[in-house]
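Order of writing sets the chain letters: A, B, C and D. Residues in each chain are counted from 1.
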C-alpha cells in the first residue's frame, strides 16, 4: 500500500483488440509517467480487455488529461485515482460486529487504505457495544416492516451526504429492496456464509451440522439486485468436524467471514477488482 | 499405519449412557489388551456414542470373544479388525483415471492399507490406458441403457466373488440404480466435485466459470440410495482465479478430487470413520 | 466451549502402563460422572501416557477427591478444572498491539474462555493507543538496561497478586532473564515469527525478503529458559510473493501471528495442551 | 496451458527505466502480435525490470527478429519460446520415486508441458520399481566415492546429448560437485524438505519429531553451487500432530514434496519464473 501523493492507480476496461497495452503504456510514457506495476487480462469468452496500472507521475495530474480523453474517446472506460487520497467508505452493520471491529482495526493498522465516513446500524450503539473511534459518525436507523422505505431513504441520504465511494455491508442483516440494491450496485460489497453443498432457507449452520459438512466458507461479492448472487470477489473456508455444534460453526464462520470481507474490501480499495458481467477480475500481486 | 499382527482396531456404536468408556476399557484390560489409542464422541443431538480403540493383544484374538459378546448383548455394535489383515478393496472407474492412478500409487507406497481385489470399468483397458499391476484383475463391464441391469448384476457378482470389504467409485461416471446403491450402502465411497455456491445440472465447471467462483472443491462421501447426498467423509478446496478457463478448473479439480478421495479411503480403512445417520464421525489423530 | 458449572475438564499425565483408561474411567463412573469427551495418547518413545477428559458431574466436586487422591498416589499427575471458572490470564505487550487487540476481542465474543486480570506493558497506554476495557488493570512497567531486574520483579509481583494462571507474551519484545523465564515456565505462552528456512540475527523479515521466501509463518510455544525453543503449541503460515516488500511481509506476519497465538491460548485454556518434554500433545476435537 | 503453434511466451529482464512496457508492447504491436497476457514487475531494491508476455502471432516468427534484436541491443535479456514446442526435460532420481511418478503422471494428463528426454538414476530400474513409459530412455549411472567424477561426466554427457532445457532433481540424493552444480546452474530445479524451525544435520524428520513441530514443508529451488540455498521457486506445508511418528512425517513429506516440485516445474516450463539474484519473480495468473 502506497500513499505517496505522486503514485496513481488506473484501471481500464474496453472491448479487446490488438495494440491496447501499447496504446496505454505509450500514452503514459509520453507524459513522463513511470509504470511501477501493470497487469492485464483479456477475457476470451466475453472479448473484454481489463488492465490495472500503478504509476508514478511527478507533474500535476492534469498533464494526462488530453491523453486519457483520447483513450476514452476510443472506447476505454478509465478509473484513475491518486494513492494519496484514500476512498471514502461507509459501513452498514446490524447486531453482529465481528466484521465491523475487524475493519476498524485493520484501518488503524494501515492494512486497509480507507477513510471511514460513517457507520449505519439498525441497532443503537448501546446494543452494538462496539468501541467506535470518535471521529467516525454513527447513524442509528432503526427499521420495522412499516418504516423500511423511509429507513432506506435515510441510508441513501447518508451515502450521498458522506460522499461514500464504497459501501460495505459488514453483516448488515436487512434484505435490501431492489431499489436500494440498484442504487448501490457496483459500489457495495456484501459478505455471506457459503457451504459445500449449499443450503437454502433458514438456519444454514444448523442444516450444515445436520448434513455433517467438513468445511464452512464465506463469500464476499458485489451487491446487485440479485442479493446473494452478485459477482464474487473472494472466498475462503474453515475446517469443521463432527464435534462442532452449530454454535461452534457459527464461531468459526465469524473468523472466515471477517477475513474474507477484509480481503475483498482491501482489494477493491486498491482497485484490484474489475467487474466482468457476472464475474470479477482480481489482479493480485 | 501399523500392520503388526498383534495390533487391533475396534469401533463401537451404541446409545449413549454413563459408564461406556469404563465398561469397554475394563473389558479389554481384563483380557490383557493394552490400549494404544482411543477416541470417543457422544453426539448429544442423536444421543449416540461412538468409540474407536487401537490396542495390542499378544494372545489369540479369541480370548476377547466372551467379553465382546457380552458388550454386544448390552447393545453395542462392534467392528473389530486386525491391523495385520488389510481390507479387500474393489475399484470402479470410467474414463478418467486420475483417482485410480493415485490410489494404486499410494497403496504401493504404503500410504493406503488396502488389498486391491479388482478394478471394474465400463471402458476397456485400451481406452483407460492406465498401467495396472498384473496381480490386480481387471473387469471390463461395458454398459448401454439396455444392458444396465445385467451390467450391475455383473458388478454385484464381482463384489461378492472378490469378497470386497470396500468399493471405491474412483470417478465411476455411471449413475447407480437404487438397487445397486442399496446393495453397496455403507461400504462404498464416492468422490464428486463441490462448489461454492452449488450448481445443478450439466457442465458444472462451466457454470462455476461463468459465475466467477474463486474456489472449487471435492467431497468424498458414502454412497446411499440418494447418490450425491450420502454422509460426507472429507472435503477440500483449491483456489481458482479469473484466468482459469473451464478446462483449467477441471485440471485443478482433478488434483483436489484425488487428494480428497485418497484421504477418505485411507481414513475408512483405518476404521476412523463411523456413520451417524446423515453424518460421519471421523476420528483423526 | 462450555461454561456450565457442572462440566469439568481433567488432564492426566503418567508413565504408560496397561489399564490406565479403565482405571480413570472406572473411577469417574463410580462417582456418577458422565464422560462427554475423552482423548488419550501414549508416547511410545518417551513411554508417557496423556489423557484429557471432559465430564459432567451433578454432585459437588468433592465426591471425586478420594478417587483422584488414589490415582495420584499411583503416579498420575492430575489437573482438574471446572469449565464454569475461566482461568486468570495476564497479558504482556510492548508497542505492537495486534495480538493484544485480537485477544481482547475474541474474549468479548466468547471465543476465548479467559478472565483477563491485567495488562503489563513496558510502554505507556498513550504510546500503545489500544482501547482497553475499564475493568482490566493496565500496568506500565518501563524498562531500561539498568532497571531490568527491578522491572522483572514488578512483573513477578503482578503475576502473584493477580493470581494469574496463564501469562501471555502478546508481542512482548523484551528478552526475559533466565530467572523470569524459569518463574513463568510451563504457564507462559509466547508468539514469534518463523521462516522456511530459518534466519538468525536482526531484521528477519528483511532477510526473508532478500532470500525470496514464498511463505512466512508464526509459532506459538511455551516459554522455557531457552526463549524461542520451548515446546511448540501451534504453527501456521501465510503466502508471500516477490512483490511483497519487507513491510508487506511484516503486515502479513501480523495476521498469522495473532491467529496462531489466539489458537494456542484458546487450546491451552481448554486444557487441550499437555507438555511432553520438548514437545506438546494437543488434543483437538 | 496452450500448445497452439502460433502462441508465444517471452520473458524480458533488464535494468528498470521509464518506457519499457511501451517499448516492448509497441514493438510487438507493430509486427501484428496480439498480447494475450502480460505481467511485469520492477524490483525497486535491485532496480531490475521483469516482464512476461504471452502473445499470438499468425506470421512466421522471423518477422519479430529485427525488433527483438533492437531491444536486446538496448540491454534487454529476452527469452522467446513457442508454446507449441514443449521444453526438453531430463529427470534425475535416486531410490524414492514419488516425485518421478508424479511428474510422469502429470505430463500424461497434460498438466505439465514437458517433453521428457530421459531419466537418470544412480540405481537400476529393478531397484527403482517405477513403471517408465517405453519412449523415455532410462540411464543407470551407479556412483561410488571413487567414481563420482566419472558418473558426473556421464550426467553432463546425457544433458548435452539429450538437448535438455531443464534438469529436475526429483529426489536425487547425491550431492552435486561444485562443477556439476555450476554446469546446471539456472536450468536445474531441486526439491528438499523444509521445517519451522530449520534443522541441520542428519535425520531431519527425526529432529522435527523430537522438537514437536506442527508443520513440515518442502521447498523447490534452482540449483546453484550453494546446493540447498538457490533461489526459491515454490514452498508449501502440511500439518502434522503429536501422533505422527517420524515415519508418518516422512509420508506426509512425500505428499508435499511432489506437489511443490510439480508446481515449480510447471511454472518454470510456462516461463513464469525469472531469476532475480538470490530471489525469483513468479508470475502466476
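Simple rule for what comes next: a contact is a pair of C-beta atoms (placed from the backbone, for glycine too) under 8 Å apart; a residue touches a chain by one contact, two chains touch by 3 or more.
Just so we're on the same page, UniProt names per chain: A, B, C, D = Formyltetrahydrofolate deformylase.
Remember, predicted model here, so these are calculated numbers, not experimental data.
Undergrad: Spell out the chains that contact chain C while also contacting chain D.
TA: Common neighbours, chain C/chain D: A, B.
Undergrad: Taking each chain's centre as the mean of its CA atoms, which one is farthest from the centre of chain B?
TA: Ranked by distance of C-alpha centres from chain B, the top chain is A.
Undergrad: If you average the CA atoms of chain A and of chain C, how many Å lie between those two points?
TA: 36
Undergrad: Chain C: which residues touch two or more other chains?
TA: Residues 37, 41, 241, 243, 285.
Undergrad: State the interface residues of chain A toward chain D in the complex, per the touch definition above.
TA: Spelled out, the residues of chain A in touch with chain D are 18-22, 25-26, 28-29, 32-42, 285.
Undergrad: Give every residue of chain B touching chain D within the complex, in rising order.
TA: Residues 37, 98, 101, 105, 109-111, 131, 241, 243-244, 251, 254, 285.
Undergrad: Which residues of chain A touch chain B in the complex?
TA: 41, 43-44, 194-198, 210-215, 217, 219, 231-237, 241-243, 245, 276, 278-282
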